[in-house]
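Presented sequentially are two complexes of chain A, the first with chain B as partner and the second with chain C.
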Partner chain A sequence: MTAFARRLAGHLARGLVMILIVTTVSFFVIRSVPGDPMAARYEKMVEQGMSPEAAQRAVEVLFGFAPTGSLWQQYVDYMSGLARLDLGQSLTVPGVGVSTVLFSAAKWTILPVLAGTLLSFLIGIVMGVYAAIKRSGKLGDILAISGSLLHGVPQYVLALLLGAVFTTLWPILPQGGTADIMFEPGFNAGYIGSLVEHATLPVLTYALAGYGGWILAMKSSVVTVLGDDFILAAELRGLKRGFIFRYVARNAILPLFTILALSLGMLFGGAIFIERIFNYPGLGLMLIDSITNRDYALMGGAFLLITAAIIVANIAADLFYTVIDPRVRSGEGVA
Partner chain B sequence: MKRLAAVVALLGLATVTACSGNTGDKSAAGGGDGGGGLYTTIDAIKPSLDVNGPINPWSPKGNAFWGYNAMRIAWSKNHLTDPNQFYPGIAASWEIAPDNSSITLHLQPNNKWSDGKPVTAEDVKFSIALAYTQGSTAFAIDPGAAGAASEVEVVDDKTVKISQDMKNPSVTFVRGVMDSFIVPQHVWSSVLPADFWDKLKAARGEGADAENARAEITALSEKVLAFAPPKDVSAGPFALERMNPGEALLVKNKNFYNAANVGPDQVKMLNSTGNEQIWNYLIAGKLDSAPFTAVPADVMKRISSTPGNAVVKGFSPVSLGLAFNQAKKPYDNVHVRRGLAYLINREEVTTIASPEGGTPAVTTTGIHQKPAAEWLGAELGELEPYKLDPAKAEEEFKKAGLKKEGGKWTLPDGTPWKFTINVPTPFSDWVSGAKAVTSQLTAAGVDAEVLTVADYPLYLKEIAEGKYDVGFWLVALGPAPYNIYQRLYGASNGWAILGGKVKHSAPGKNGNWMGGPETIEVDGAKVNPGELTAKLNSASEDEQKTIVGQLAKAANQDLPVVQLWDYVNTQFVNTNHFTGFPENDSDLLRQPAGVWIQLGMVKKK
Partner chain C sequence: MTAPTIAVGNGRATLRRNFWHGVWRVLKRKPSRMAGMVIVLGFAFMGIFGPLFYPDPLPRDTANLYAAPSWEHLFGTDFEGTDVLALVVTGSSYVLLSAVITAVITVVLGTGIGLFAGFRRGRWDTVLMRITDMKLTIPGLPLLLVLSTIWKFGSAIEMGLVLGLLGWGGVARAVRSQTLSLRERGFIEAARGLGLSTTHIIGRELLPSMAPFIAMNMLIAVTGAVYAQVGLFFLGVLPFEANNWGVMLNLAVFGGGAMSSPAALPYLMAPLLAILLLTLGIVLAVDAMDEIFNPRLREE
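Now for the complex of A and B:
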């Protein structure tokens, strides 16, 4: 077994243990959430004009899917289902598997999160290099201030601001949804354009929210590298500034890759606020809906998916670092 | 760097293209052929769309939109006092036996499913079988349940007769029948076994065979609930073409019996997860119609200023009450409840909490003021109005033994009295209303506060567990008088109908959180309001009137709740593209826009 494979196996084993722990904890936490979904459904039906008896019978039928037995028995059933990759049935969409609901929502979170994060990463690191090199000039100051400002503003505030500007004050972007239903789904310009149009605000929010962190981290990293001896040696050898830039950027960017992978995982948590504000139907919105309806199976599945995303991102970050940093490959390690 | 610049440029180009996407290549979606336009709305019943939901009217998240692609036998007018008034649906006309023992339905003669097959009496009978698995009021398998249909007879291809089990009749039997959804047998046939009606017959008996039959029918309920037809086959004015997580598109069903008068060719349903989104759609003028949404005054101004927007108002059979837990002191004392009622200025509370969607309750009877006038007539004026009167409040508090020390009311033993109202946080009008009430009470010397609860499911659980002293509670859920009074004298207050008999549970047991006494004194006579309420289910119209009068008086004297405001059905329409919307006070405001459209009212401009 190669060192890389050993490392991967170790990570996977640790990841599985972590998923097991988190799944167990979330199972019991979710079921300790107070609130009676049957009562809420009953009230809604009565408010809609259904007679009390009919509403009572309807919720009994609907929640016939509800887990029964002791909490321990439910846990055993849940875990054995999980071992068979069966996450159970949604309570609020009878007959539909949790995995179906999750995967149909996940794509609307993964794509914008990826796009927004990569966009902020690319712009942030480029601007970070400039901010470091021009740190004594006005451009450096402006870039640094823009980074500090955006880094300090919470994601949901940015989302609210962007929403207010682009959907209310200057309404050029849609207020919710994934695409205009009037376009036939498929590989056609209208539909793809509509997808991009609807994703613009969430992506822009992720991008702006991440940009501040990247520019500040990259600037700091570049400034550190600029002080390294190998840069001085390179300058003394008379290398051109362009080459120095490449050396500096390559070395400075290494620690940021780890943060990039981690931030991708963490952004799934942030999606809850963004998707709520933009009515963008991804995992975050689905999670809110499942909590409101006390759909335990769906809540459990969503938490599991988010946990798995963070753990996989951790493993990917570590492995990626192994690939890109020769010192890690050779066993020197990096702090 | 060059590659990076290219990527950025491409992304920018894509965004620009997308931003001008409204002029892109939108496909003509199915059935539109007459330029009838696109009608955009939000479904009041299912504001949150679910792309995974089946096209199944019994599924709570199903993509069967009432009045559009999901059809009932008929559509209730929700008349103030008569639950047996309807607009036609699958049935064109009907005859109700004078004693409510049967109803004969005559189906629309020319109606067809969207796939071209005719809508028949067999479809109706099959759909009723499906309804039995869900146990709707009119079609319950439990032999003891109120108002069960005993027989369903196909008279001919377009006529069905449904008889009521007169051993245990219900005045809401007809309404229960008419509220049934009708689905195509040729699509749903696999869901029920061929011997369903034999099973049902067996289930109505007694013994082990009946038990087994009931269990089999109950098991079928899950199957029915989860059934997902691959394609929408509708007998309504529209059929579902496609949907995504944010929107659904329905196209005209050319086979619908009244298709020639259906205005729009297409209907777009928008998803919404909160009131703010509906406000924004309305401000942007994007909705041809929208259901009632709690709207603050400033937002209402902005909505009204959008060209084409108009507000239509009508009766909504719902009121809001400040409900007491009478198992807790000092709320077990009627004088405390009355004293509090005299300290609350309902006009002010309504103005603060629900200026657009409510009117102050004229008094507190458990009935919305509009049907109250119909049910009670002149008696309404004789009831105590509980107008703001601090002197009377003081008198009542003193009768209850409360003491006033240093300008503050204390309990009879001199200990401090903390008046706490609990409300769920997401209900912004309730929170505002509760704050207005506590401000008024605090000014009058009652140490009052508002506590909010994270969400409605939690609120309902905690209120049912008797954790709150005082909470907000929806009452007057008409139009059937039993439905109105079960909110005050039903399960929440200890009364339940089991096997056709009324039983009372002690406070804190079986969901009895209101904790009122089993009998109360009204005009010097003892009455059991729970038994009276149960009688409303089977009483004749005249008897109902008498009982409603007694219950209104009981509620007015005993105050299990202080009725704060009566909701107003406030809806929004936009006349830029369509006209012919229902006017103020129309019965149709209590039905989805799909029903207006199928009746031929809404026309393209």
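Now for the complex of A and C:
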């Protein structure tokens, strides 16, 4: 168990370093934006009749760090604010902290990404087993080709095609938002139905985008396991074809769990396209909006949260693999 | 001393001729590979010579906004009445030029760093791989979006440079692991035992055996770069300085309302089809290259 703890500590330390680097990058990007947004804001407030001191304070609050003092001092202030989860104030939603805005947007990214990934994972591994068993037949060929094609196409192309079909040519699905405003948010059938309806296209895109990778990965994993000795032994003992799912799939699925957590993280980056296309108010759309509105505090926060999600997914992938695969664990005990 | 040199020279020439023969045979056996090569070459031709076929600026037909596809306008017209097909063809130069620059930078940097780290091992390896892992962890697209607030990616060259500098991580990792496995093989041990210089071993022994792998990564990098920059322009965070496929997608969806009215659909579909066709061509070409460079895969 000490090895596990050491591993966890190492991961956490590396994750923290990454977050530090990402925050530093966004701090300096915000600082080096041409036209200095803070100075512009300050000028505007003074023009509107605010006293210079009040305007100065307002700008400090808005941007989450004091624009006066040495660069180093500002950096330290920004970082200590981050430690208290205080990322400053959003410009577009006045009076609300950046962290509050971000956390309310995060659920609209996390839930669809999770649903889409799990859906594609389940379908992908089942199809992958078939593609591996029938790899010399027509069905296997078709499955493998569908996998390669879907794997190669970028997410936004899939999203645009789905959108063109289901909202333009055959308008059966809504094209934006999280739910119709006619329903009152809460636990009632109408609102939940509308939520599901609005989430269908984003979830479907995540699922289709992931499916290709799963089917290819599962196919090659199953083919490897099929060559193992224990399968030969099982066949010699006279086991039927039905054992494939029980014996082979279980063993072949292990390496895929690592990719599952990794792809969850990757989808956070890709969510930007899908949320923009379907106008779905998650973290990605928030990042785009903050850039078009020049809301730099919100931009830094959204970038940080997306990166943090990916780092956490990476750590989870590694630890999870240690837990479920006894071979990795025993290897660690020796080392 | 002259005779052996000539013999070596002849040997090389024959080898080269045999190689091109092999390429032709591999391509001829499967029509899909031939199609892939034709598509890739067709796009290259379009990117280099395409703009020469059209006047600059493209003619507008203001009486014919969002025209439906016809023989005159195969993919209809856009919001100004400009032919959509002409836009796709002239827009391809930016897309393809920056993608090629990205791919070259990605592969040169990735191969160099991967070879150096894998061959040297030790402290340099650790440091370089830490940096590589960090690059791989920071999500590319969000980082590009954040950077777009300070850089404008004005020309295709700038765009290619930035994407290339951000993209070498994966190639470096892959080349390093290839190097690690190759350096333990007999022929490298023998070369080292003979006291050959490191440059010779890397340049003459390691690189040639990795050439197929590197070439494949190059093609994959081209596709990745096309996706990334078309996507960036599509999101609408970069200024529209030149006509390219991403700008077309953006204007079709967010300007023309292609997600709600069918009028702008051909305008959306034309660049999408171009991207899909280019991807298909590259996937098929990668399949062919795999067999050209990997003689063991050839079914003679």
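Quick note on the criterion: the second predicted complex is superposed on the first by the 281 of 335 C-alpha atoms of A that agree within 3 Å, B and C clash if a C-alpha of one lies under 4 Å from a C-alpha of the other, contacts with A are read in each partner's own complex, and residues count from 1 in each chain.
Going forward, contacts are C-beta pairs under 8 Å (C-beta built on N, C-alpha and C of every residue); 3 or more make two chains touch, one makes a residue touch a chain.
Note that the structure is a prediction, hence the values are computed from the model and not measured.
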| item | value |
| --- | --- |
| Which superposed partner A:A39 touches (first chain B, second chain C, both, neither) | first |
| Partner chain(s) touched by A:V157 [first = chain B, second = chain C, both, neither] | second |
| Dominant toucher of chain A (residue count), chain B or chain C | B |
| Which superposed partner A:I133 touches (first chain B, second chain C, both, neither) | neither |
| Touching partner for A:Q175 - first (chain B), second (chain C), both, neither | both |
| Chain B versus chain C as contact partner of A:T292, first or second or both or neither | both |
| Which superposed partner A:T167 touches (first chain B, second chain C, both, neither) | both |
| Partner chain in contact with A:L264 - chain B first, chain C second, else both or neither | neither |
| Which of chain B and chain C A:I311 touches, first, second, both or neither | second |
| Touched partner set for A:A54, first chain B, second chain C, both or neither | first |
| Residues on chain A lying within both footprints (that of chain B and that of chain C) | 34, 167-168, 171, 175, 276, 288, 291-292, 294 |
| Sites on chain C touched by chain A in the complex | 134, 137-143, 145-150, 223, 227, 231, 234-237, 249, 253, 258-262, 265, 268-269, 272, 275-276, 279-280, 283 |
| In the complex with chain B, residue positions of chain A that touch it | 34-37, 39-41, 43, 46-49, 51-54, 57-58, 60-62, 64-65, 90, 92-96, 100-101, 104-105, 108, 119, 122-123, 126, 167-168, 171-173, 175-185, 188-190, 192-198, 200, 276, 279-281, 285, 288-289, 291-294 |
| Interfacial residue positions of chain B with respect to chain A in the complex | 1, 4, 7-8, 11, 14-15, 17-22, 24-27, 29, 38, 45, 48, 50-54, 59-61, 76, 78, 133-137, 140, 145-146, 172, 176, 218, 221-222, 225-228, 242-249, 268, 270-274, 277, 280-281, 283-284, 317-318, 455-458, 460-462, 464, 474, 477, 480, 482-483, 486, 490-491, 497 |
| Residues on chain A engaged by chain C in the complex (per definition of touch) | 18, 21-22, 25-26, 29, 32-34, 148-149, 152-154, 156-157, 160-161, 163-164, 167-169, 171, 175, 266, 268-270, 272-273, 276-277, 287-288, 291-292, 294, 296, 299-300, 302-303, 306-307, 310-311, 314 |
